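Here come two complexes built around subunit A, the first alongside subunit B, the second alongside subunit C.
So, the complex of A and B:
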């Protein structure tokens, strides 16, 4: 627990000094949002389209940035030090918490921008926030494990999205449907069902990622 | 001995099912279900089932590999993934042919189609990952982890989503395992034989795949 906290603090400090992940994450999201906003030219978006836009922006910004979580460690040659000094669980949850903080931060910035730039009416804030949070946990668990995986496999970039997309599909589909509700749409999904899916996806992916992480991390 | 019985049973069952599929009435009559095209039912559904079974087989062998680190288990998981890719592609193609007849479009993002599509993507990513990883030990380790993680997520695609969204597939709107209850006894019987037949065919192909991999390993080829 204390080691996980130490890993998290180390990551936050390293991030504060370089601002690599934050820049990639926020600028990517901003650029995509601008492109979409410009391309749609102020046309009224249907709730479904708006929900799709939001989640696609979120997904690909996260792919672009969080894929580097572990690649960074091997690039700065700090990987071995981390392996020696912290137990696997601490590394996983330290990184996991760091990534989750980044995603939450991104959502805090992206939601208002989204409302302003795409001219969206957002009702049901409670549902919106809880969807983002539950969806964010599933997203972060998956990307943390796969980030470690591509660092171990020594493959970069493009492959990450290819690997992440099929396993994140259930999350993406469900999150889009329930977000559509918050944007005034009429998706055929009950909130309870959506919470159950997003919640169990978060639980399953976190557990599986946590249990599988040592196999990726240790040779 | 057992293998011989499996081979014979697979040949007999699948021949019988093929003949029965053409000689009996279409299982789901009327334009709504595609008339004659619905005869694909006897082949499409079992293949989709086998592609899911194959996925589970691959995940189980991957767990075994991570526990024991025996290269054989990794090889078997890969063979299962190869067969899974084959079956899911064929199921996807037969499914969209049938969908064109029954619902008017090859593709309409039905949850079941989404599942098969995700399966194809997953297997594709799996082989891309293997090919991109030069170190043999690392390759086995990361691909096993990826398969197990996918295995943990797959119930969402296979069981949860189809029930959550209105599906064009009749069975998906009910409990998946009670498909037979809506079929006539004859259709149910042929379908049952077909399921078993394709499963036996799968076991046969799996054995062949493993044997082929062994020969290649003995010949000194590094296989994917």
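So, the complex of A and C:
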């Protein structure tokens, strides 16, 4: 854990000084949200449409930035320094935690802006927050592993989207359905079922990513 | 006996790098074929050859960063055998393909490496390393502000941080001034390492006890 903490601290320190991932993450989210706000022109959105908007913004913001944690190591040639010195578990959990912090931070900023700019009525804050957290964990686990995978490839952006989309689709659909409930909708899904799906996805994707990471990282 | 039971700086155990029948090709281009080399503690091997002959690739294979198509690379400590990826705690590398974190200071780079390796190195230890390699008083500067020669010196400090048993060098002195070259060779002479140097510099290659020529069938 101490070694993973060292990787996390290094990434936070470097990010604080360069804003490499944060700029990509927040600018994409804010520009997309602003564009949607202008496009809808203040019209009332259905709960389903609002939920779709939120998760699409979140997904594509994540696509634009989270893979960068590994791509940057590859592009700046610091990857070998990590491979020769840091244990695989420390690299994975350090990067995973860093990505999770970014997603949590994005949600903290995005939720109030979403409510204000799209004139949204949000109820059931507890469900909303737990959905974002469980969905965020699944999202982060998948993108952290795929980020390590595509860091060695030449066509990174396209490859990441192509690989990530089918893997994240069940998470996306479930998260949108639960979020719809929080926005006043009547999605045909019980909260218990939704939590089971999101929780299972988070647990399985995190375990699978952790177990597969050494093969992706070393080979 | 496990790998971790070999302490850093263990000079009483003979460490040995062995490459057996190692071959590698990228597509139809053969990088090396059936290379056999052994390097033990206190020995040095120069890997020479023209540009593009596969010196850097061979060094990366020895570090376990690239897998050979055939053959084996092993590290031995006493009568125990380890794969390169199990050996990283005892192996350092200085290469143009290994970069430092430019957004961190010299100290922060060394501290980060020390932390992920689980080494307890204080500021005084780091200062000692920086002094040895000629970076006295520059540890608090950002690496982005370093010259290429200073970055190369810091890479050596990073390599020596873990007190490696095996040191792999790829073009080690190409960006160094005369003082840097002298300091590096002095630091290397003080340590009982299994040393592999990939170089185009004939003077540098001449310092090694043996040599292997890439691009032709050769063994050492």
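Going forward, the second predicted complex is superposed on the first by the 218 of 219 C-alpha atoms of A that agree within 3 Å, B and C clash if a C-alpha of one lies under 4 Å from a C-alpha of the other, contacts with A are read in each partner's own complex, and residues count from 1 in each chain.
Please note the rule applied: contacts are C-beta pairs under 8 Å (C-beta built on N, C-alpha and C of every residue); 3 or more make two chains touch, one makes a residue touch a chain.
If you're wondering where the values come from, they're calculated on a predicted model, not measured in any experiment.
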Partner chain in contact with A:6 - subunit B first, subunit C second, else both or neither: second
Touching partner for A:197 - first (subunit B), second (subunit C), both, neither: first
Which of subunit B and subunit C A:116 touches, first, second, both or neither: neither
Partner chain(s) touched by A:18 [first = subunit B, second = subunit C, both, neither]: second
Partner chain(s) touched by A:31 [first = subunit B, second = subunit C, both, neither]: neither
Broader residue contact with subunit A after superposition on the shared chain, subunit B or subunit C: B
Partner chain in contact with A:80 - subunit B first, subunit C second, else both or neither: second
Touched partner set for A:44, first subunit B, second subunit C, both or neither: neither
First, second, both or neither for A:90, with subunit B first and subunit C second: second
Shared subunit A contacts, counted only where both subunit B and subunit C touch the same residue: 219
Subunit C - residues contacting subunit A, complex: 63, 65, 67, 85, 88, 91-93, 95, 97-104, 108, 112-113, 115-118, 158, 162
Interfacial residue positions of subunit B with respect to subunit A in the complex: 66, 114, 118-119, 121-122, 124-125, 128-129, 132-135, 137-139, 141-142, 144-146, 148-150, 152-153, 156-157, 160-161, 164-166
Touching residues on subunit A, where the partner in the complex is subunit B: 142, 145-146, 149, 152-155, 159, 162-163, 165-167, 169-170, 173-174, 177, 188-189, 193, 197, 200-201, 204-205, 207-209, 212, 215-216, 219
Complex interface listing, subunit A residues touching subunit C: 2-3, 6-7, 10, 13-14, 17-18, 76-78, 80-87, 90, 218-219
